[in-house]
Structures are given as C-alpha cells and as structure tokens.
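Same chain, two partners: chain A is paired with chain B first, then with chain C.
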Partner chain A sequence: MKALQILIDGFAISSLYATGAIGFTLIFGVSGVLNLSHGSIMVTAAVVAWLVAGSFGAGPYGGALIGVGASVIVSLVTYGIVVRPIQKSRAIAREEKEIFVLTGTLLWGIMVQEVIAYVFTNNPKTVLPLIGGVVNILGVRTPRTEIAIAAIAWLAMGLLWLLVNRTRGGKALMAAAINPRGLTLCGFELGSIHLLVWTIYGVLAGIAGVLLGSFLGVSSDNAGQLTASAFSIVVLGGLGSVTGSLVAAYVVGYLESLTAYLVNPSIRTVPVLLLLVIVVYLRPQGLLGRR
Partner chain B sequence: MKRKYWMLPATAAFATLAFNSAQAAPPIKIGVIAEASSVSGASIPKAAQLAADEINAEGGVLGRKIEIVTYDDHNSATDAVRAFQRAAREDKVSFVIASYISEVVLALEPWSARLHMPMITPGAASDEISHNIYKDYNHMKYVFHGYFPSTFIADSVCDAAKDLLVDEHHMKTAVVMSEDAAWTLPLDAEYLKCLPKIGLKVVDHIRVSPDTTDFTPIFNKIEGEKPDVIITGISHVGVQPTVQWAAQHVPIPMFGVSSQATTSTFWKDTNGATNGVVFQTAASAGVPVTPKTNPFSDNYEKKFGATPSYAGYTSYDDVYMIADAIKAAGGTNPDKLVTAMEKTDYVGTIGRYVFNGKTSPFTHTFKVGKGYITGIVVQWQDGKQVPIWPANVAKAKMTFPSFVKLPQ
Partner chain C sequence: MMSTPKTLLGTAAVIALMALLPFAGVGGYVLGLMTSALYFGVFAMGWDLLFGFAGEVNFGPSFLIGVGAYTAGLLNHYAHWPIIACVPVGALAAVVAGLLLAVPALRLSGPYFGLVTLVAVLLLQNVIVIFAGFTGGEIGLDLPDVLAISSRVNYWYALGVAGIVALGLFALSRSAVGLILQASGQDAIEAAALGFNVVRHKLAAFCISALVSGLAGAMLVFYLGTVSTDSVVDISIGVQVIIAAVLGGRRTILGGAVGAIFLIVAGELLRPVGQLSTFIVSAFALLVILFFPGGLLGRFIVREGA
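Right, the complex of A and B next:
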C-alpha cells in the first residue's frame, strides 16, 4: 500500500519537477544562460492564476491560462531587461558575462519575489484545482487533480518534443544548442531563436508553477527553493541535456518521496543533495551531460 | 517712536508663533516591529495605526499626538534587534510593540532590559517570554506579554475539546501535529498532559518542519494510526496542510491552533479548503467578546479590506493600554510606565486585561480565565468564521465536510 502511494505521489511530483527543469535546461543549452530567477517566475504564474481564478472569477482554466501568460511575459521581460543587455554590453568582458547574467537573474528574481510578497503577502496561495475530488487507485486515495497534473505535465513535454523534432523553428533551436555560429552562417537570426526559447521556457515554467500551486500551494518564500531544485535536477541530469533533466527529475522526485515516507518528511531534500555532491565528484558532467 | 509702532505687529506675530509651537508638542512615538509581508504580522502595524488615529482624533495623550513608527523585521531576529535599537536610540520611541514570532521576541527581551525600553508582544506565545521576566524581574521588567502563553492556549484547546470532541462526539484518540518552533514546545508539552486528562489518548506526536511543502506523507502516517482527531499547533504553516487535508480528503478533523486561519483572507488563500477547520483564538470578527470587538474588526475591514489576524486585536488593545499607562505615569519615563502598565485593568477587544505580577511564573502575562480573557473556538463554515465555543458566544454547532468521518 505504502509502496503504491510512493509510486503515485512520486510520479506526480517528479512530472512537475521535470516540466520546470526542462525549460531551465533548454535555455542553458541554447543560450548558455543559467536563469536564477526561475523560482520567482514559477511563483508569479501561480499567484496570478490564484488571483485571476479567485478574485476575478475567471475559474480554474481561465486562471491557469492567464497564469501561464504572466509567466511568459515575466520570462520575456527577464530576457529583455536583464539577460540581453548584459550579453550585448561592451563594458563587460566576454568571459565575465556568464557570471554577470547569473548575478543579474538572481537579483531580478529576488526583486520579483519581494514585489509578490509585498503585494500579496508571503502566505502561500493555492490555485483552484482543475478538477476536484478523489479516486481510489487500488486502495490509495488519490486526488483527481494529482492525476491531471501528471497528464498535463507529460502533454506539455510531449508537445515540446514535437516542436523540437518536427518543426523548423524547433530544429533551429536544437541546432543553436549544438553550434550557434553554424546556425547564423545558415542565415538564421540568433536573436529570434533566443526569443523563441525564452517563450517556450515561460510556458513550461508557467505550467509547472500553476500546477504546483494547485497541488501543494505556492508562496513567494518558495522561489529560492524552486530555483535550487531546478538547478539540482539540471546539474544531476547534465547541464543542457533535456533527456538528462527528465531522468534526473524522476530520480529527485522519487528519492524525495522515499525519504519523506520512509524516513522523515523534514529531511526529504537531504539525500538528493548528497547524491548531487557524489555526482559532482564522480561524474561532473551529470548523468547524461555532454559538456 | 515711529519705528517702535511698526514693531508692534511683528512682536505680536512672533508671540503667536511661539504660543502655537508650544501647543504643538512633539508626538509620543510608539515603535511597531513586525513582519509586514505575512498575514499575521501585517495586521500588527495596521491595527496599531487605527488605535493611534482614534486616540489622536480624541485629542491624543497629555496633549500630545501618538505617532506609530513601523519597522519590518522580515521575520528575522537580527533585523528585529536592529530595528529595536534604532527605535530606542535614533527614533526615540517610548514603547515598542513587537512581533508575533516567539523566536524574535525572545531575541528582543534582553535589549528591552538593556535599553530600558518598555515592550509588549501582541502575538508571540512561548512561555519562556514571561518565565524570563519572572527569573530576572529587576532587569526584565520592561517586557510585557500581550498574548496567551502556549500552555494556556493548550489548556483552552483542551477545555474546548472536552466539550466538543469528547462529550459531543465521543472521541477517544488524537494525534498531536505541531510545527517545529519555540512556541510549540510548551504547547505540545501541555497538550500531552491535558489531552489524556479529558479522555483523549494521544497515539502519536508529530512535529513538522515549518519548511514542509508536501504534507501527504504526514497525513498518510496519521491516517494509518486511525486517530479520531488531529490536534494542531500551526502558525508559520497553514495554507499548505489545510489545502492538502481537503484535497486528499483526509477523513480526520483538524482541531486546535491554526493562526493563519484567524484572518478572513484564509478562505480565499485556500480556495475554501479551510471549510471545517476548527481553531482557538482570542477574538474573531463578528463575535462580540466585548463591546469593543466588533466595532474594531468592522473599522479594520473597512479600512484594509480584510479582517485582522489574531495579533491585530491585541496590537490595537496594546496601543490603548500604552496610552492609558502614559496618562497614569504623567509622561514617558520607562520605569514609571512599567509601574503604570502593571496596574492595567482595561477591557479591550479580546477581554479584560490585568497583568500577572512578579510573583507569578507567568510575570507580565495577562490573566487568563473567567472574568479576564478566555479565548474562543471558531470554525470555518461555508466561507464564514463561526464561533462554536464557549456556549455563551457560540452561534452554530460544529460541522465537518462530508469527507471527514466522525466516530459513531
């Protein structure tokens, strides 16, 4: 019984982690940016969805859509006013740009987080679940929304796979990750590729944020933790590797669930951090990393 | 001669100016230190300001206005200590109303003693706050404890549980679920003592980390132990356990302390998942604990759009008690203020305040019990906070959502 419970809960939480982390790793793969405002963008999506669904009566679906829309907007603003100006700056030496982007996104993330806390307090908000009620899966009482979360997360990731592998823009995206210089020589505008990847990222982070908000509830205080967990997953999976992040998300999700159920919920993240240290020692490129 | 006549109106004008400035005496400043971005903390400065505005509209205290100076401590003891020092040394406040977090108040206590700066907390609960005053009265006498100590909260929950759970619903077993914090140490200790006395056997005692986001494993464990009720002690966490309790249809009622549930925004924050949650508090909107309760909560809601959290009621009362103490002391001398505060006998929004003296181990805590402050038990029912205990304020029977299974 407990094993099945761990299997179900672990699957839902891992799917959420995967959705959030894949966007994070995609940006790194394509443009070499580690976006430390990731958690704040997820929180923005959840809080906007909560606000619109509840206070403006848009209902769970309207709220979720607008929440994801808000995430895309914040994501593009992050790119437009934080990342791009640093990348374009002539005052910053090329080898220092990565660290400037890292610092810039970190500070931007804190600003977004503080604004959310100021306006909506740091009390967690719960997004209206897309479907209510519970179902009994072989004796395990499971909220329907938990099943919906896993399904939506996988649908989003499936659509991303189709986009990347079956469309011209998606293929250009992958090409940019492998050889950006070659891509520009083929006549592609790197700027619009970056814009595309930040938009896709916004959608994925938004979906992850809204779903997390409906599953566990999200507070502005969670922003740092969400960034850290995406970062851990991406490092574990291998920086820039989408498949690696997917595998790592499930390793992290299940390791956390096992710890919470079998040892103690208070130390659920500790084994993951230990694993991360071991991977960094023994296999610094991560599970499926290419650099 | 001519020149002297010309000076006459100028002299008169000068004299008028001098008279006016004597009338506009400098305000009496009260510092308010709280976390502005949390639901419980945000009510503290707002309620204090409301009280100050009312007092000022009536002419102030000793002919001087009351000015509220607010500091956001971001729930950090370090920030709070810095704010306290600034309040005392630079902003020259005469009294400080500080925080609802026990850890923060415990960090401020020695500073109140060192700087001879009177202080009261409107919401922190740890017994240690008043025990520290008892152990070293001469130094610590500047601190007042303006909320129930944890032990009394636990006793109040047990009294209500006896009537509502044991007598009415024949419950026999309980699991205590509290967050890991300074205020819940004495709370849990008293729960473990008083619950068996009223006939509820404690089958497990779970302390959860305030950082917990996923409560599924915790509820799963509790459900496996088949208790009749979960007795709660939560304040830093609130939305997440409540939402997950409802989403997962955990069939066991939650009853006890849930500080975040005291504000009206909690229904919206949890999308109604709080339906059926039962919590102990000092006062609640719409419950006339005293004639002052409803006018205050109505004015507060009109001005700020939501009802105050539990710490809002006490913070509002604190400003009035401080103003009375300043009047009685004839000024802001800290030692005279302490003596005047000790003589407080004031009916506020949560009951009648009389502070315990230095011979009580709960020194400078308000007296709890009949004729003083008792506390009430409220349940969220269909979007409203409805008082269900004690009988003299109860407006409805305790009722739970259909997924909660009560013992037959």
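Right, the complex of A and C next:
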C-alpha cells in the first residue's frame, strides 16, 4: 500500500522534474549555457498561472497557457539581455565566458525572484489544478491532477522528441549540439537556432513550473532550490544528455519520495546530494554523459 | 595600472585612514556595519583568489566559512575554549574540510567543480539542521564569549584581519605563484606543458582561500555572539560573497573588499525602498558584469592584456 503510494507520487514528481531538467540540459547541449535563473523562470510561470487563473478568472486552462507564455517571454529575455551580450562581449576573454554566464544568470534569477516577491509576496501559491477529484488506484486514493501532471509532462516530452527527430528545425538543433561550426558552414543561422532552443526551453520550464504550482504550490523562495535540483539532475544524468536527464529525474524523484515517506520529509534532499557527490567523483560525465 | 609596491602602499594608507574612522565622530551603528562589511570583504578576497586567479568558480564559499565558524562556535560553547584558541582551530578546520573537498573535486573542471562546492554547502546546512540538538540548528547557538563589547574595538579587530588578508593576498597574487595560478586558470594545459604543477598550485590556492574564509568566519561569529546557518552557511551568504567579488573586480583581490563595503553601504542607502534593495543591487551587479566586466577596480589593478 505504502509502496504503491510511493510509486505513484514518485512518478508524478519525477515526470515534473524531467520536464524542467530536459529544457535545462537542451540549452547546455546546444549553446553550452548553464542557466542559473532556471528556478526563477519556473516560479514566474507558476505565479502568472496562479494570478491569471484566480484573480482574472481565466480558469485553470487559460491560466496554465498564459503561465507558459510568460515563461517563454522571460526565457527569451534572459537570452537577449544576459546570455547573448556576454557571449558577444569583446571585453570578456573566451575561456571566462562560462563563468560570466553563470554569474550573470544567477544575478538575473535573483532579480526576477525579487520582483515576484515584491509584487506578489513570497507566500506559497497553489495553482488551480487542471482536473479536480480523486481516483482510487488499487486502494491508493490519488488526486486526478497527479495523473494529469504525469500525462502532460510525458506529452510535452513526446512532442519534443518528435520535434527534434522529425522536423528540419529540430534536426538542425541537434546538429548544433554536435558541431555548431559545421552547421554554420551548411548555411544555417546559429542565432535563430539559439532562439528556437530558448523558446523550447521556455515552454518546458513553463509547463514544469505550472504543474509544480498545481501539485505542491510554489513560492518565490523556492527559486534557488529549483535551480539546484535541475542542475543536480542534469549533472547526474550527464550534461547535455537528454536521455540521461530523463533517467536521472526518475532516480532523484524516487529517491526523494522514498526518503520522505520512509525516513523523514525534512531530509528528503540529503540522499540525492550524497548520490550526486559519489557519481561526480566516480563518473564525472554522469550516468549517460558523453565525454 | 599601478605597480605592485605603489598599490601595496596605497592600500596600507587606506587601511591606516580607516583605522582613524572611530575618532572622526563615526557612530557605533556605522562602525557595526563596517565590521560586517570587512569580514565579508575577507570572504570575497579569498573567493577571488580561486575565481580570478585559479579560474575555479567556487559556488560554496559559505562551506568554508561555515566550517570555520561552526568549529570555533562549538568549541567555545561546549568545551569553553578561549576565543584565541577557537579562531585558529576554526581556520584550520576550514582548511582540512577544504582539502577533503578539493582534492577529489579539482580533478573535475568547470561546472562540475562548481556543482560539488554547491552540494557541499547544501550538505553542511542539512547536517547542521539534522543535528539541531547539538548545533542549535536553524535557531543558532549562543556563544558565551564575544570579541569585545565596544563597537570600536570590534571594528579594529575586523579591520586588522581584513588589512592583513588584503595585503598578504595581494602580494601573493603579484608574486610568481600568483602568475602561475593565473596561467593555470587561463590555460591549464599550456601551464602544465611549461612544467608547472597546476593541480598543486590550485590546491594551494584553495587552502589559502579556505584559511582566510575560515578565519574570518570564526571571527565573525565571535563578533555576532551567535552562530547560525542564516549568518554563515546559507547559500545567500555565498551569493553575496560572489556578487561582492565580481562587483569589485575579478583578479584584483582588493576589489573584493571594495565590493563588500559597497554592497553594505548600498544596502543601507536603499533601506527606504525595502524589499526592492536586493533587486537594485543585483541589477547593478549585472550591469557591471555586462558593461564593465573588470569591475569597480578593474581599470586600476588588472594587468593590461590579462
């Protein structure tokens, strides 16, 4: 009974983690950027969805849609005013760009987080669930929204798979991850590919944010924790590896759920952190990473 | 840029002038602010040695600070050791913890190193909270001893530590060792090909960074009279240190102290806008990074072409 409960809860939370982390890893794979404002972008999506669905009466679906839209806008702004200027800057040496992007996105994330805290306070906000009600799965009372969360997360990831493997733009995107110079030589504009990947990232992070908001509730104070957990998942799975992130998201989600149910909810992140240290030391390229 | 002896003399002069501040009618409140700012300045200078010179981004400065602070705090609280013994032991503990962290971590590069240091902070914080019965957890632990009651004396202690660290680290950064570190940070393969032991130099930088961070962390808790995760371990402390160092100017060492003082002063001036002050400070730091990547002191201290 408890095992089944862990299995179901763990699945929902892991799917959510996977959606957010895949966007994060995609950007790293294509443009080598670790976006430390990730958590703030997820929080933005959740808070906008909460606002539009609740105060403006757009209902859960309208709220979710506009929340994801807000996330896309913030992610494009992140690219436009923080990441791109640093990449283009002549004053910053090439080997230091990585460090500057990390610091820049970190500061930008704090700015977004502070604006949200200022306008909407840092009280946790729970987004209206997409579907109400509870179903009984083999004796475990499961909120329907939990099933919907897993389904939507998987739908989003499935669409991403189709986009990457079946469309011209998506294939160009993968090519950019493998060899950007070769792609430029084939006559593709790298700039538009970066815009595409940041847009996809915004959609995925937005979906993850809205779903998280409807599942656990989100406060602006969570931004740092969300970034850290996406970062951990992505490193665990192997930086730049989409499949790796997917596997790692489930490892992290289940490990956290097991700890929370069987040991103590207050230390739910500790086993993950220890696992992460072990993996980074023994196998720095991550579970499925390429070197 | 200014030559090394000139900069050292100039810095010593500024420190001497700052030592006279309490006689210039500056009140206890401002001196208190300056005391915190100076300890933060030490953290930022220690961080810059790793970031600016060794080229390693340490997301966990508060791991080193926290180990130093808690070691000193626990020894004082439970074993009633005098402050004069607690502070060096705290600083040494930070070095040992730093070594345990860095020896395996330095085999990793770039984001992996950064991640391990970030995880170290999160683990330390969790451990402190889990053993709350012993460590005081999130509420913190009261310390029986404090450095001094008088805000003047506290300020002088902080200025003394910050001054010695500033002069020492700056001289180190301009020495042969500093140049090798800088070379290792910019192109590790080429530096190794020239016959320098890159890992050993980076490790030395990490130890020195840990030593000054632990020392200042231990001093800070005896100034505050309490040791808690919010004041020495939390991620936000680390972020403040990073902002101070980047704002002041990377690869300048002294910039860290300038950045820390700037942050504290800006925080005070922005008090009327309340919650938005963090936003404004972050936005300002971001603008500095984007338009003046050398930071506030970059123009004066960084070598041409560096």
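Everything that follows uses one rule, which is that the second predicted complex is superposed on the first by the 291 of 291 C-alpha atoms of A that agree within 3 Å, B and C clash if a C-alpha of one lies under 4 Å from a C-alpha of the other, contacts with A are read in each partner's own complex, and residues count from 1 in each chain.
In the analysis below, contacts are C-beta pairs under 8 Å (C-beta built on N, C-alpha and C of every residue); 3 or more make two chains touch, one makes a residue touch a chain.
This is a predicted model, so every value here is computed, not measured.
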Which of chain B and chain C A:G206 touches, first, second, both or neither: neither
Partner chain in contact with A:Y118 - chain B first, chain C second, else both or neither: both
Touching partner for A:N222 - first (chain B), second (chain C), both, neither: first
Touching partner for A:G237 - first (chain B), second (chain C), both, neither: neither
Partner chain in contact with A:D9 - chain B first, chain C second, else both or neither: first
First (chain B), second (chain C), both or neither touched by A:P265: first
Chain B versus chain C as contact partner of A:G20, first or second or both or neither: neither
Set of chain A residues, in rising order, touched by both chain B and chain C: 117-118, 266
Residues of chain C defined as touching chain A within the complex: 51, 55, 57, 104, 107-108, 110-112, 114-116, 118-119, 122-123, 126, 129-130, 186-187, 235-236, 239, 242-243, 246, 275-276, 278-279, 282-283, 285-286, 289-290, 292-294
Interface residues, chain B side, partner chain A - complex: 36-39, 42, 180, 208-209, 211-218, 220, 238-240, 243-244, 247-249, 260, 265, 268-271, 273, 403
Complex interface listing, chain A residues touching chain B: 2, 5, 9, 13, 50, 54-55, 117-118, 121-129, 134, 141, 143, 145, 215-217, 219-220, 222, 225, 257, 260-261, 265-266, 268
Chain A to chain C touching residues, read off their complex: 34, 82, 85-86, 89, 91-93, 95-96, 98-100, 102-104, 106-108, 110-111, 114-115, 117-118, 224, 228, 231-232, 235, 239, 266-267, 269-270, 273-274, 276-277, 280-281, 284
